[in-house]
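Structure first, commentary second.
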Amino acid sequence: MVKVGILGAAGYTGFELLSIFERHSEVEVTFATSGTYAGQRYSDVYPCPYDITLIAPKEAPLGDVDVAFLCTPHGASARLAQQALAAGARCVDLSADFRLRDLATYQEWYAAHPVPELIPQAVYGLTEIYRDQIAGADLIANPGCYPTGPLLALHPLLKAGAVQGERIIIDAKSGVSGAGAKPTTTTHFCSVHDNFSAYKPGHTHRHAPEIEQELTAYAGQPWRVVFTPHLLPVSRGILSTIYVSLDPAWEQAQVLDAWHNAYDAEPFVHVLPEGQLATLAHSVNTNRCVLSLAPAGAPGEWIIVTSLDNLVKGAAGAAAQNMNVMFGLDETLGLVS
Amino acid sequence: MVKVGILGAAGYTGFELLSIFERHSEVEVTFATSGTYAGQRYSDVYPCPYDITLIAPKEAPLGDVDVAFLCTPHGASARLAQQALAAGARCVDLSADFRLRDLATYQEWYAAHPVPELIPQAVYGLTEIYRDQIAGADLIANPGCYPTGPLLALHPLLKAGAVQGERIIIDAKSGVSGAGAKPTTTTHFCSVHDNFSAYKPGHTHRHAPEIEQELTAYAGQPWRVVFTPHLLPVSRGILSTIYVSLDPAWEQAQVLDAWHNAYDAEPFVHVLPEGQLATLAHSVNTNRCVLSLAPAGAPGEWIIVTSLDNLVKGAAGAAAQNMNVMFGLDETLGLVS
Amino acid sequence: MVKVGILGAAGYTGFELLSIFERHSEVEVTFATSGTYAGQRYSDVYPCPYDITLIAPKEAPLGDVDVAFLCTPHGASARLAQQALAAGARCVDLSADFRLRDLATYQEWYAAHPVPELIPQAVYGLTEIYRDQIAGADLIANPGCYPTGPLLALHPLLKAGAVQGERIIIDAKSGVSGAGAKPTTTTHFCSVHDNFSAYKPGHTHRHAPEIEQELTAYAGQPWRVVFTPHLLPVSRGILSTIYVSLDPAWEQAQVLDAWHNAYDAEPFVHVLPEGQLATLAHSVNTNRCVLSLAPAGAPGEWIIVTSLDNLVKGAAGAAAQNMNVMFGLDETLGLVS
Amino acid sequence: MVKVGILGAAGYTGFELLSIFERHSEVEVTFATSGTYAGQRYSDVYPCPYDITLIAPKEAPLGDVDVAFLCTPHGASARLAQQALAAGARCVDLSADFRLRDLATYQEWYAAHPVPELIPQAVYGLTEIYRDQIAGADLIANPGCYPTGPLLALHPLLKAGAVQGERIIIDAKSGVSGAGAKPTTTTHFCSVHDNFSAYKPGHTHRHAPEIEQELTAYAGQPWRVVFTPHLLPVSRGILSTIYVSLDPAWEQAQVLDAWHNAYDAEPFVHVLPEGQLATLAHSVNTNRCVLSLAPAGAPGEWIIVTSLDNLVKGAAGAAAQNMNVMFGLDETLGLVS
């Protein structure tokens, strides 16, 4: 049994992690922390039967677990990662603290980094791309919810040199849980229901530099994104509509082949056949990332549509998948494929 | 032109009032206050084109308006009513401060009343029942959102002596706007969407004594309610399913006749024919209250279903309707019938 | 491995069964039929990765399976049950054909029964009440989605003689999947979204006699229900608000004790503590039935609130649970408890 | 009073037209037809109080009305337009039959045109652009729901020569009412709720050539669009996210100025200030089209976000606005601005 601790367990990703571990035959949850709800049972916080009692963060027995999951805000997470590693626990950080390998970029988009010396040892936790490094890593930077779909779709195409130009347009749409459990005017039911809106358009959302870092790494040359997230009136799921130019010699079958070659052995990446487009329903409540393709109406112009559940493959599911890899377990344990 | 002021204009009922007055040919909005958003234009607070600038409550020129609408919390409203009346403005109070005619009952369910001496002059603003008193009143206690449907349905039946027993069960379901614009865990999109829940069941919601006060007044004898409100994953609307015993001699046609006699001349009360049941869609975004009836399966047992929009006929629409009556205007101005 | 066949697999309960069996370690799906989609892969019908090819009903190899699940309409199900039993397969019928033990009642509420001689050997598949008979049965009548919550809540109280009167009011609210996958004006998105409505009120819905049959059996005396189903703008879940009179000597703790005694050993029945009420979120996407209680405001008057997922504990989950019992498997296999 | 007839009145645009005319002081609805519901009152078809009785299409007294609104399918509409014009009624056609001025394009995207000789006399009913021709026209081709937002946003910029390149990407998201009232698997509540999907991507939706026709006309040179519509889990509203390249010399203020110059005198086009983006909530249930702008992160690259209600400014509201122009009425009568 892998002993796990969850820090910041009362948020949505914490709830999702707990739900995954309830179904996971090789995990034992040693502790779960919450600053707000310490002392309460989990079943008093969420409508569920989990009876674990939340403890205060400072009482977390970091030395008693094999791995700590950090569902804490950026900034706080980095310090907790440092403490957990010092106590001998491996770390999966679901915040943004170790996603950007370039310190200056982190500080431009976030804030001063509390523990910059840890950045070099963090592995970007996109399992399908970095599985080998993840297996041996002590510190995983779990990807942001928006990047995973576009990155999995574009990696094989960039590697094959098929993508042209220097800019990709990602029109993304996310469910509200991506905004977190904190009540705000933005997440009030009456603000979201029957509504739909864009936010942080163009190049202002923090996941833009994260996507660009990875695209650039895969391609070996700089890539830029125009990235417009939108807020959907659903609780879960991200659908990304990606406008991309490919080498005009590539036909639809070649793109699908590239994806099949890359992912047919992957349990959680599903490639749809020609004529089908990914929908939220393909992925919600599962750890799937679904890829699909359509012609855009002119030679070399394509539309890629990807779908995943932001709380699962976009957060807690990916974190559990990484843990499975880190501890040599069946990668699908606890997860719906 | 009637000059109006809106106190507490940045809540949902304030927004609804402003929207009604935008369409109202005989109203001029002189001021609108907000403690939180003072100095901002209304179009910066809500997605709308209303360019009025919100002012701080203490700067409200109460003496410049013919009528003040109080969209403020109970307790605060009573004091503002006192100030507005002193400044020469008539008042429509959308809070609960003057709904309960019995001071002790108010203090049991709410708190100490700040201005008890005003209670006797307030008129309960259920227009269809108290129209004559409303016309001449300076202080209107606008009804709670839940009571209006059951009261309009039961008034003609109680007056006719048709209702039997001493207790009525009201199973009510409301949209989220009834909980107000303040963000809380309860009103977070992810708490409400795909969910449905009962709250304050039995005899614990503050609208229970309000309903009982009115039923008792109509019947001339004490009536008790079992009242269970529920939270629907919609923004607007209240549907009440009411379980009632009638004199077994009454048939369906008689009940419908009693309603038609009472309401056929009313612009905002609609009686559905036998075989149709009220739905939210019958009333949402209008000032309608819709009444319908079905047999419950045994002699004398009936199910009444009523529907209205909690922000319109259940709040701002009723308030505007009362204002129309108070100032001798066409009762339907600004309202959808 | 238990070999199963699913007849009528392209409806919502068929999809749910397939999803359960995907996660079930001891089940092999031998065939799945659909009149409409025969020849297509399941992944062409629903947004999912299940690659089983649907076959025409008449090609179903009934003799090759250990158990057949009938997700077919009433009338058709009875005949298929007969064929399946003749071919040596045990049967779980998710239609209404064998729920009513009294033939006349069936014919009053449904139609002429195609195979009345099978009725006596069917066991009503409410696992928690009839587990012993289910274990040895060849033909299970899976309960209707609405009855399960009220029946599980009332069984221990009726057995204890605590329920008074002769009539119970059940105000029930269901998600749209309960109406089936067939597109109709009633199930059109724009008819349901932002709406809420009652239907078949009082004593006109076919689940009323089913509930009455069971209550009467548990109590040993006739019970009547007033039953008003409503349509919620959600896909899944049933919440029932039940108004019941109990022996005034019973206090809240006694009712909760009765439930705990009956269900603490049950994996799928959860009793909430005093002060908490069941919500849809407690049960959706799980096989849980959640029970809760509140006082109604007068001695002996109580409100019971129950919640379950109509497609899981209200249909496919209960069917799988029954199958687990019938084949001596761990009762929780494939199910979320 | 303008006498109007509505053909195909039982669809969603017919319902919206009737609702508009209920509030319109200068319109009298002479007849409303429905093949399916002929003989029924409107209040039996939709949850509303409109008591007009629907008549069969062939009984429509076309000669008794000043204007006929065609809410009928393409193909059928063209023939009805011919009959109505012959009977002396002017026509507003809400179908696609007269939107495309090029017959070959119509036949490529739709079918053989039943009355091609009428095409030249039809005026494209985008009021803000073609108001003068609309005033004198007998046959109006009401625009498709998707084109209106992008066309109003781009017209002033194309006229000013500010738009660069030859291709514009329009990522559009629509509520379900755009798919019509006919029940299908696609419009089933459970297919749409909690889901989000793209359909007819790239250059396969019939509104693509309609948009291109207009852009090309405004610019005086060919324009191409990549157009990806998506289905939102809401009943009403279209939000379009438009990726466009402008002359790098243009700054944000210039674009906003161009819009203000074009539209400040227009009652139904609203330009949002810098920093605000259009949302569905800005326009739903009104006849507004809302325009907004954000930089895309590189010189000359911009994101335009437009919003409107597909049933109002995208269909029935625009049709009523056109009628107001045709008959010399106040353009805002019956409409929310």
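Order of writing sets the labels: A, B, C and D. Residues in every chain begin at 1.
As a convention for this text, a contact is a pair of C-beta atoms (placed from the backbone, for glycine too) under 8 Å apart; a residue touches a chain by one contact, two chains touch by 3 or more.
The structure presented is a predicted model; accordingly, all values stated were derived computationally and were not measured.
Across the two interfaces under comparison, B-D and A-D, the one joined by more C-beta contacts turns out to be A-D. In terms of the distance between Cα centroids, chain A is separated most widely from B. Centre-to-centre separation between chain A and chain B, using Cα means, comes to 46 Å. For the pair chain A and chain D, the distance between C-alpha centroids works out to 39 Å. Mean C-alpha positions place chain B and chain D at a centre distance of 37 Å.
Residue positions of chain D touching 2 or more other chains, listed in rising order: 191, 194, 233-235, 279, 281.
Those residues of chain A that touch chain D in the complex are listed here as 167, 169, 171, 173, 191, 194-199, 201-204, 208, 224, 226, 228, 230, 232-237, 239, 241, 243, 277-281, 284, 294-298, 301, 303, 305.
By the touch criterion given at the top, residues 23, 46-49, 194, 270, 279, 281-282, 285, 288, 336-337 of chain D touch chain B in their complex. Residues 12, 176-177, 181, 183-185, 187-194, 233-235 of chain B touch chain A in their complex.
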